[in-house]
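For reference, the structure I am asking about is given below.
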Amino acid sequence: MISFESDYIAGAHPQIIARLAETNMEILSGYGTDKYCESAKEKIRRACRCSEAEVEFLIGGTQTNAVVISTMLKDYEGVVAAKTGHINVHEAGAIENTNHKVLELPHENGKIAPEALAAYLESFYADCNHEHMVFPGMVYITHPTEYGTLYTKQELTKLSELCQSYKIPLYLDGARLGYGLMSLQTDVTLEDIATLCDVFYIGGTKVGALCGEAVVFTKQNKPRYFMTSVKKRGALLAKGRLLGIQFDALFTDDLYFKISRHGIDMAEQLKTVLRETHQRFYLETPTNQQFIIWEKKQFEALQEKVAVSFWEDYDNEHVVVRLATSWSTTEAEIHQLRSLLDGKNL
Amino acid sequence: MISFESDYIAGAHPQIIARLAETNMEILSGYGTDKYCESAKEKIRRACRCSEAEVEFLIGGTQTNAVVISTMLKDYEGVVAAKTGHINVHEAGAIENTNHKVLELPHENGKIAPEALAAYLESFYADCNHEHMVFPGMVYITHPTEYGTLYTKQELTKLSELCQSYKIPLYLDGARLGYGLMSLQTDVTLEDIATLCDVFYIGGTKVGALCGEAVVFTKQNKPRYFMTSVKKRGALLAKGRLLGIQFDALFTDDLYFKISRHGIDMAEQLKTVLRETHQRFYLETPTNQQFIIWEKKQFEALQEKVAVSFWEDYDNEHVVVRLATSWSTTEAEIHQLRSLLDGKNL
Amino acid sequence: MISFESDYIAGAHPQIIARLAETNMEILSGYGTDKYCESAKEKIRRACRCSEAEVEFLIGGTQTNAVVISTMLKDYEGVVAAKTGHINVHEAGAIENTNHKVLELPHENGKIAPEALAAYLESFYADCNHEHMVFPGMVYITHPTEYGTLYTKQELTKLSELCQSYKIPLYLDGARLGYGLMSLQTDVTLEDIATLCDVFYIGGTKVGALCGEAVVFTKQNKPRYFMTSVKKRGALLAKGRLLGIQFDALFTDDLYFKISRHGIDMAEQLKTVLRETHQRFYLETPTNQQFIIWEKKQFEALQEKVAVSFWEDYDNEHVVVRLATSWSTTEAEIHQLRSLLDGKNL
Amino acid sequence: MISFESDYIAGAHPQIIARLAETNMEILSGYGTDKYCESAKEKIRRACRCSEAEVEFLIGGTQTNAVVISTMLKDYEGVVAAKTGHINVHEAGAIENTNHKVLELPHENGKIAPEALAAYLESFYADCNHEHMVFPGMVYITHPTEYGTLYTKQELTKLSELCQSYKIPLYLDGARLGYGLMSLQTDVTLEDIATLCDVFYIGGTKVGALCGEAVVFTKQNKPRYFMTSVKKRGALLAKGRLLGIQFDALFTDDLYFKISRHGIDMAEQLKTVLRETHQRFYLETPTNQQFIIWEKKQFEALQEKVAVSFWEDYDNEHVVVRLATSWSTTEAEIHQLRSLLDGKNL
C-alpha cells in the first residue's frame, strides 16, 4: 500500500525529531518565551528579508485562521474569501464562531481574480444600504490554493494594491507555502509575500512538522496583547518549545525550502507518470497536489493498492481524486504507482 | 412629496394607537406576562388553526431571526438560505454574530428551489469530509421574499418534506407575511404555513405595528427556557404590553388581514399605473413591492417629487428602483404618482 | 389592588402617548434618521451641557449594556462591575454572550468603592501573569444602583480619575437616572455625569417611556460604524421614530425631570408612611426604591392588597421586599398603603 | 541554576520521545483516526475501569476546558466554579469567549465545599427572578486544585450527588491529575473519578507529555458530532498521532502513574527540605506544588540560583512563592536546593 492521500500522513522530518530529542531535557520557559522560539523568529525574519516582521507560532491551520482573522477584523467587518476558500468550506464554521462573516467571491481554480475583488469592493461602497451589511475588512487568499494553483506576482501585486487602497489587510494562508515557493512555475518569492501581504502564515503541519504554523505580521501590525487573545481562544501552547524547536530546525540551513523542493520534484515525477500512463487530468497544477478524473469502479479497484483523496463526483460514472506528494514522498512510491497504473491500462 | 420608499414609513394603524392610549394607565406585569400578550397569543393560535402553537413576541425582524435561528441550531450546524436571503445580506452579520454560518444556496427571484435544496442536502451527506464542514441544521425562507415573490403551496410542501426527511426545521421569515397571504395570486394560507413550517414569524413592523414580530412555534418545539435565551440576547422587552397590545389589536376582527389586503389593493392599482404609463418592469410581483428600471437622470429628476428605494444599478445608464405599498398607502398617492409619471412621459 | 412592584408597571407618560398619536401618520425615514431623533438628540446634548456629545437610542437596558460594552471593549478586555451589578446578575449572561467577562468587585450597598477599584487595578498590573488574565477594559456603575443608592460627586470624581489614569472608559448605567438626579440627597447633576463619564445612558423605560434608552458618548468616542454594530446585534429599530418621539417629548419642557421629581416626591411620602407605620427598613434610600423587612406571613397576607417585589430571604421567618414609586405613582396609592399598614398594625 | 518554577519546564518523558521517533515514518490517517489514538483510548478506558467511556484527545488545558464546557452547556446555562478556579482567573476569558458565564462560588484552599454548592443551587431555584439569570449548568472542579489541594472521596461523592440531583454534569479538570492520584494522602482513585464525574480530563502537558489532554466522557454523554465542534473551535489536530502516540506511551506499563509517583516522591523530599530549613509554609499540600512565604529581598537574592513562581504578595515585605516538582525533577536538584537554603540560613 502506497499513499498519496495527503501531505500530512507521515510524522515530522527526521531532523526535527532529532532536535526534539536533543533538547528534550533542557529547562525552558513556557508559552513561547524560550530561546528556540526567539531563534526561529529571527531566522524567519531573515528568510523573509523583513527585519521588522513580528512572528508568532500557532498549532494548526484552522486555529491560525480563526485567531488571525478575528483579532484583526473590526466588529462590523467580515473577511472576503473565494467560495472555495478553506475558511469558507472546510473549517466547520471556525470564522463564524468568532462572530464574523465570510464574504464569498467567485473563484478561478481556487483563486480570487483581482478584477472580481475590485468590482465587489466598488459595488459595496456604492450601495446606499451598506451600513446594514457586513463590511469587507480583510482579504483572505490561499497560496497554493485548495486546488494547488498559484497566484502570479502580478496578481498578488494587484490584490495588494486593492487592499491598500481600501485600507484593509491582505492575509495569505500558506498552509502549503513551501510547495508554492519551490514550484518550477512561480515568480513569487517569500520576500515578495512579506512585501505584498500584511500578514501571512508559513505552514509547518503540511511541510515537515508534527504541528505548527508561523504567523508573520509584516507591517508592525500584530494586534496588541496578542498573547492574551491567543490564550482567550484556547490556542496558547504551554510548552511553546514544541513549536520553536520545530521551526528553528526548518529554518536552519534552508531545510524548509529543501524539503519543499523535494515535494515538488516528486510532484513533477508524479505528473510525468500520470501523463505517460494517460490519466485524464481534471487539473494539472504547479504544486504538490494533482487532480485526476477516474472511473468510479477503477477508483474502487485501486483503493486497496494506493491511497488517494476523493475530491468530488465528476459525473455519474466518474470521480475527481487528488494525489498529493510531500517532503516524505519517495521515488520508490512513484515507481510503484507507475507499475500500478501501467498494469491497470487505465 | 409622496412616498413609496418602504412599508415602514408611517407610524402604526390608528386602531393600535387607540388601544395603546386606552390601556395606557393600566397596571400590568412585565416581560410579556400580561393579559394582552396572553390574549394576542390565543388569537394568533386561532388564526393559525393550530391550538398547540407556542407564540412569543419579539421587537424586530433581525432580532427575531437571530434569536430563533441561534436557539434552534445545534453547535455544529448552520442555516441554509438563499444567496439573497435577508439574513445573508442585510442583517450586518447578525447570524454569524451568534456563531453560526449562513449556508448559501442559489436563488430564483429570491426563492430556494426545492430541487436545489434536495441536491445540496444529498451532496452534503455524500461528502466524506462533511464532519469538517458546517452541517445544514435549518432551512430559512422568506415569504414574501426580498423580491416580493411567493412560494406556491406545492413548493412549500416540497421544502417541508425535505426538511422532515432530514429532520431539520423549516423556518419562514414573514416580515411581510400579511401582504403574501392577501396576494391575489397565492394558494398559501396562514393555516398552510402553520402546518408546513416548524417555526415562522408574523411580521408586525411592516404591517401596521410600531414594532413587533410574533414568532409561532408550531410543533411544541419552543426552545426550553426561551425567555432566558431572549434576555441573554438583549431582546426581552420590559414593557411587553407594547407588543401584546399591538398584536391583540391586529388579530381582533381580522385587522391584520384587512390592512394587508388594503396594501395589496394599492399594489394592484400601482401596477396598473406603472403599466399604463409604460414603465419598464424589472420584476412585477404578486405582493406589495414592485421593481422598475429607470434611467438614472429620470430617477434623479423624480426624487424631489416621489420617494422610492434605489435597489441596484441595472447598467451604466439605468437603475432598478423599488416601489412599495402598505397598509398606509392611499389612493390619492397612487393618483399623484400617475400624474407625475404621465407628465414625465417616461 | 395597588402596586409598588416596580417602576415599569404603567404604559407611558400621557404626553408621550399624545405625541405618538399626533405624529402617527407623518412619513418619516427609518432606522433613527428621522427629524424627531435629531431633535431629541439636540435637546439631550443641551440638557447635558455637552455640545459634542453623540447620542444614540436603543430599546432596553440589557440591550444597551451589551451593545455599549461590547463595542467599546477590546478583544482582551472585560468590564469591571460590582458583584451586585445588573450586568453581573440579572441580564442572563448578556455580556458574556458578547465574549467578554464581567470582572466582579465587592460592593457597598450596590456601589463600587473607589478604594476597591484602585486596589484591584493596581494589583492586576502588578501580577506577572496578567497576560493570562482578562484585562480591565471599562468600569461599569449603576446610578442609582440596584439598591437605590447614589454615588456622591466626590466618589464619581475619584472613579473617573482612576479610569482616566488607566485609560479605560467609565460607563454609567442610568436605567433610573431621573430618580437619581431628582433625589433630595444628591449633589450630582446631569452635567456632572456628562463630564465625569465617558459614556452613560439615560433610562426611558423606567422613567415614563414605553421603551427606550438614550446612550450618550461624551468624548467623541462613539465606536465607528456604530449603526452597523447595533444592527449586527439585532438592536436596530426599523421605526426609530418610536424612540425619537418619546425622548423628544421627555426632553421638552423638562418633562423627564418633572416626572422623575414626582417619583421622588412619592418616594418621600412612601418613606414617611413606612416610618410612621413602624416598618423595619432593610435599606432606606434617597431614590425611588425602598427596602423593607417583613414577616413572611404578613407578606403573604398583604399580597392580595398591595403588590411589591420579593427581594430576598432575610432569615427563616422574614423576607426583604422592595417598594418602588415612579412617575405614575399617585398620592391616593400612598394613602391606601398607609391605611393597609395601619390596619395591619405590623 | 535549578528550577522548581512549574511542572512544564522540560520536554517529554524520554519514552515518549522514543515512541515518536520509532513511529515517525509510518503512514497514518489524520484527525485522530489512527491506530495509536485507538490503542490509547482503549488503555485509558481500562485504566478507568470504565468500558463505556468515550475518550478524546485535545492539545492543551484551556482549550480542553473551553471545548468541553461550551459543548456540554445549554444556551441559558453557565458553569459553576470556585473563585480561584483556573477557568475563572487564568484562562483570559476563554469560557466567556464561548458565550457562557463562569458562576463564582467561594473557595476553601481552591476547593468548592459541597455545602456551599448545595446552598447556591437551592437559592438559585428559590429566586423568583431566576429566569433573568444564568442557570447553573455544570460544576467545574480542579483536582488537584490550583493550590495543590485534593478533594476527599467523600467530598467528591457529595458533589456528584448534588449534580445528579440537579441533573447537571460534574466536570473535573485533571491538568495535574497524576500527582493527585499518586499523592500519599488521597483516598481517590482514577476509577472513583470515572464513577463520580460525568466528564474529566487526564492531563498530559504537566505529566510527561509535550502537549495533550485526554478527555473522558464517562456516561455515554459525548456531545454529538464532537469532532465538528472541536474543528469549529480550531482545536482539531491534523496529525492526531502526536496525541495518540503520547497517551499510548503514558498508559503503557503504568508509565503515567509511575512518573506521577516520582513527582510526588520529589515533592515529599522537597517538603522535608523546606521544613528542615525552617521555611515558612503558606500552604503545605499533598501534591506536587508547595507554597512558601519568603522575604522579598531573599526572594530576589535566590532568583539567580533557583527558579520558583511568584504567587502573590503576602504583605509589604513578604511574598508567596510556589515550588513545583514533576516527573522531571531529580534528587540532585532537591539536594542543591537544600544546600542553597541551608547556606542562606533563611
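All chains are identified by letter, namely A, B, C and D, in their written order; residue positions are counted from 1 within each chain.
One rule holds in what follows: a contact is a pair of C-beta atoms (placed from the backbone, for glycine too) under 8 Å apart; a residue touches a chain by one contact, two chains touch by 3 or more.
Source: prediction; values computed, not measured.
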Contact-richer chain pair (by C-beta pairs counted) among B-D and C-D: C-D
Which listed pair, C-D, A-D or B-C, duplicates the contacts of A-B in over half of its pairs: C-D
Separation of mean Cα positions, subunit D and subunit A [Å, integer]: 34
Interchain centroid distance [CA atoms averaged], subunit B/subunit D, Å: 51
Euclidean distance of C-alpha centroids - subunit C vs subunit D, Å: 42
Multi-partner residues of subunit C (at least 2 other chains): 76, 91-93, 97, 99, 131-134, 228-229, 231-232
Subunit B to subunit A touching residues, read off their complex: 76, 78, 89-93, 96-102, 104, 123, 126-129, 131-134, 310, 312-313
Of subunit C, residues touching subunit B in the complex: 1, 3, 5-6, 8-12, 14, 17, 20-21, 23-30, 59-67, 91-94, 97, 205-206, 210-211, 228-229, 231-239, 241-242, 307, 328
Subunit B residues touching subunit D - in the complex, by the definition given at the top: 70-71, 74-76, 99, 131-135, 223-225, 227-229, 231-232
